[in-house]
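The next part holds the structures, each set out as structure tokens.
After this come two complexes, each holding subunit A, first together with subunit B and then together with subunit C.
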Partner chain A sequence: MQSSVIEMVYTHRHEVIEQWKEEMINIQEGEFTNGAAQAAVTRTNDEFAALIIDTLEMDKEEARLRLRSFSERLMYSGWPLSYFTKGLQLFRRVLLRFMTTNDTIPSSKVFETFQEVENWMDGIVNQLVDEYTGSWEHTLELQKLALKELSAPLIPVFENISVMPLIGTIDTERAKLVMENLLEGIIEHRSQVVLIDITGVPVVDTMVAHHIIQAAEAVRLVGAECILVGIRPEIAQTIVNLGIDLGKFPTKSTLRKGIESGLERTNRQIVNL
Partner chain B sequence: MSVQSNVEVHSEWGIVSARQAGRNLAKELGFAGVDQARITTAISELARNIYLYAEKGEIVLEGIEGKEAGGVKRGLKIVAKDQGPGIKSIREVMEDGYTTSGGLGAGLPGVKRLMDEFDIDSITGEGTEITTIKWLR
Partner chain C sequence: MRIPILKLKRYLLISVQVDLDDQTALQFQEDLLNKIHQEGSAGVVIDLTSVDMIDSFIAKVLGDVVEMSNLMGAKVVLTGIQPGVAITLIDMGIMLEEVPTALDLEQGLDKLQQELEA
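What follows is the complex of A and B.
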């Protein structure tokens, strides 16, 4: 970094920050900080301005760590990334205005200095964006994993009877998991009857129905039986409208009836003592 | 009425968001539970067709008004547009059990039965536009 830039920033530090803060008020009044306490906004702005200026004299590694801890904290409390990118744009604008209205920089050096400032600001913007997107990708990855874990469990409820409750949207990937877990689970738990519960599936379209039919057929091939339960009235009507033939395998309205039916099929029943 | 929303469909998540938007609009317009389910299912079919055959396209949802004998009726219009390969034989795809993807072949004829009005416009090599309406009873 050119010493002239550093010098300029340090000598005008307070003015630069004051001007910047004034301009920040304008974007605050827009969409960004609705609801955030004014004190928190002021504190964040102070910290942000101090950090920007501090990075001037830090080495790369230190600056990176400081920015990271700063952005992590803000992400956690839900500050939008655009608040900071806009903040940095403003900061640059304020600085450039100082450069051009001030005599500290000889006119021959204006262009060079201008580039220095650009590089400095771009570095910070890039890192902030990296930190934010990195964290988003990480979160997405974790959520995918979490989703997959609760995707399609097969639960043995009685000897020879297992239940697979399906909750949420069924896409191609999940349909594959349903099939795999069903077949593996049937072998593992020696199930004779499996109940697929679709109470929690919001929409049963032809693709979902197709996957269920295929799964039931595969279950039949490994020597077990599949009962579809949890068909809500509106789902029943849409299935009929779509013209999907579910006549090949038994269906029951509720899990409870399904379990009773499953017990019956394995020659057992629930009795009151 | 000016309630309108466009949903881009280029992944399986697009199907989910189109469906969600449809359900919300149907609820807003006052459709009952069963019709909400019909509308969401129809959107799901149309959006899935876009994703399967054209890879990308869009679903436009709109609250509309139409004339009937007793006055004005309200409804929900779904337009599914894509620039995909088009449909070679519309007569065939409207037959139950016709499929080119190994599915059930109930999608389009099913949508027609789920909804009140159904119109399909397709040019081979240029794309497909399907318009379908459910009236509020």
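What follows is the complex of A and C.
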């Protein structure tokens, strides 16, 4: 960065910031600030402006760290990314306008100076966008993990009988998880009968059916039996209309009937006392 | 390398402790059928608990052994197929549909008993 530019920015620091803040107030009306108190908004604006100008003097690493801590703080209090991008665009516009109207730079150097300013601003924008997307990806990862944990539990309900309730759509990745949990669980609980409950599965298409059939076959190979329960009327209709053959393993309409049938298969039954 | 075949009353017990290669599997098929003939056994349990891998050829041999033994009047139950093995078999499209299975040796023997009584 040319020292003349830096000097210019520093000498006119207050004017630039004032102008920028005025413009920010115009665009901020009702945009990012819903809910935030006016004082908080003003304070954040001040801080942001000071930070932008301070980055001029810092070395790269320090600027990066400062920006990161600032953006992280705002991220957690829910400031949108557009606050930063719009703010920086505005800052650039104000700065360039200021430079041209006040004749602080010789016209021969206009392009060079503009480029310097662009580079400076772009660096900040890039980092902020990276910070935000990084935080989104992180959140997404956490949610995926949480979903995975909730995805396919195998619950032993009686001796030798376990239930796996499935809720939500089943894709290939989840089907794999279902199969693994199912087989590991059978070995662990020594289950002879497992009930796969699809009450909570909204749509059963050919792919879902295929995964379920595969799981049932694998269950048979490890030496247990699989009963498909929770078949709602509309699911029964789709299955038949799609021509899916579920004839090879037993199906029941409700979990309750499934459990009764499972008990029967292990030579037990529920009796009234 | 031969797989030992143990006789227990009317049954034959086989616990496969090594990963089967083609030669061993074929040798085993022959040995088992001879043993069934010799002892006149009514049932066979083949335990695969310590087998971590079954390829398509071994799967075919196992299916064949079951069918051949049935022809000779001995019911066969496969036990202890590991989850990983089951997934591989299903992925390869090998369902072993006619083969009875059980979780472990104990349940396998129960199953044989049931089938023989039926």
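One rule holds for everything that comes next: the second predicted complex is superposed on the first by the 246 of 273 C-alpha atoms of A that agree within 3 Å, B and C clash if a C-alpha of one lies under 4 Å from a C-alpha of the other, contacts with A are read in each partner's own complex, and residues count from 1 in each chain.
Just so it is clear, a contact is a pair of C-beta atoms (placed from the backbone, for glycine too) under 8 Å apart; a residue touches a chain by one contact, two chains touch by 3 or more.
Being a predicted model, the structure only gives us computed values, none of them experimental.
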item: Joint occupancy of subunit A by subunit B and subunit C, clash or fit; value: fit
item: Where the C-alpha centre of subunit A sits as vertex, the angle toward subunit B and subunit C in the overlay (nearest 10 degrees); value: 70
item: Which of subunit B and subunit C A:G134 touches, first, second, both or neither; value: neither
item: Which superposed partner A:G223 touches (first subunit B, second subunit C, both, neither); value: second
item: Partner chain(s) touched by A:M179 [first = subunit B, second = subunit C, both, neither]; value: second
item: Which superposed partner A:A209 touches (first subunit B, second subunit C, both, neither); value: first
item: First (subunit B), second (subunit C), both or neither touched by A:R190; value: second
item: Smallest separation in angstrom, by C-alpha atoms, between subunit B and subunit C in the superposition; value: 9
item: Contact residues common to both interfaces of subunit A (with subunit B and with subunit C); value: none
item: Of all residues in subunit B, those that touch subunit A in their complex; value: 12, 15-16, 19, 33-34, 36-38, 40-41, 44-45, 48, 96, 103-107, 109-110, 113-114
item: Complex contact set, residues of subunit A against subunit B; value: 169, 171-172, 202-207, 209-210, 213, 233-235, 237-238, 241-244
item: Contact footprint of subunit C on subunit A as seen in their complex; value: 179-180, 183-184, 186-187, 190-192, 214, 217-224
item: Residues on subunit C engaged by subunit A in the complex (per definition of touch); value: 78-83, 85-87, 89-90, 95-96, 101-104, 107-108
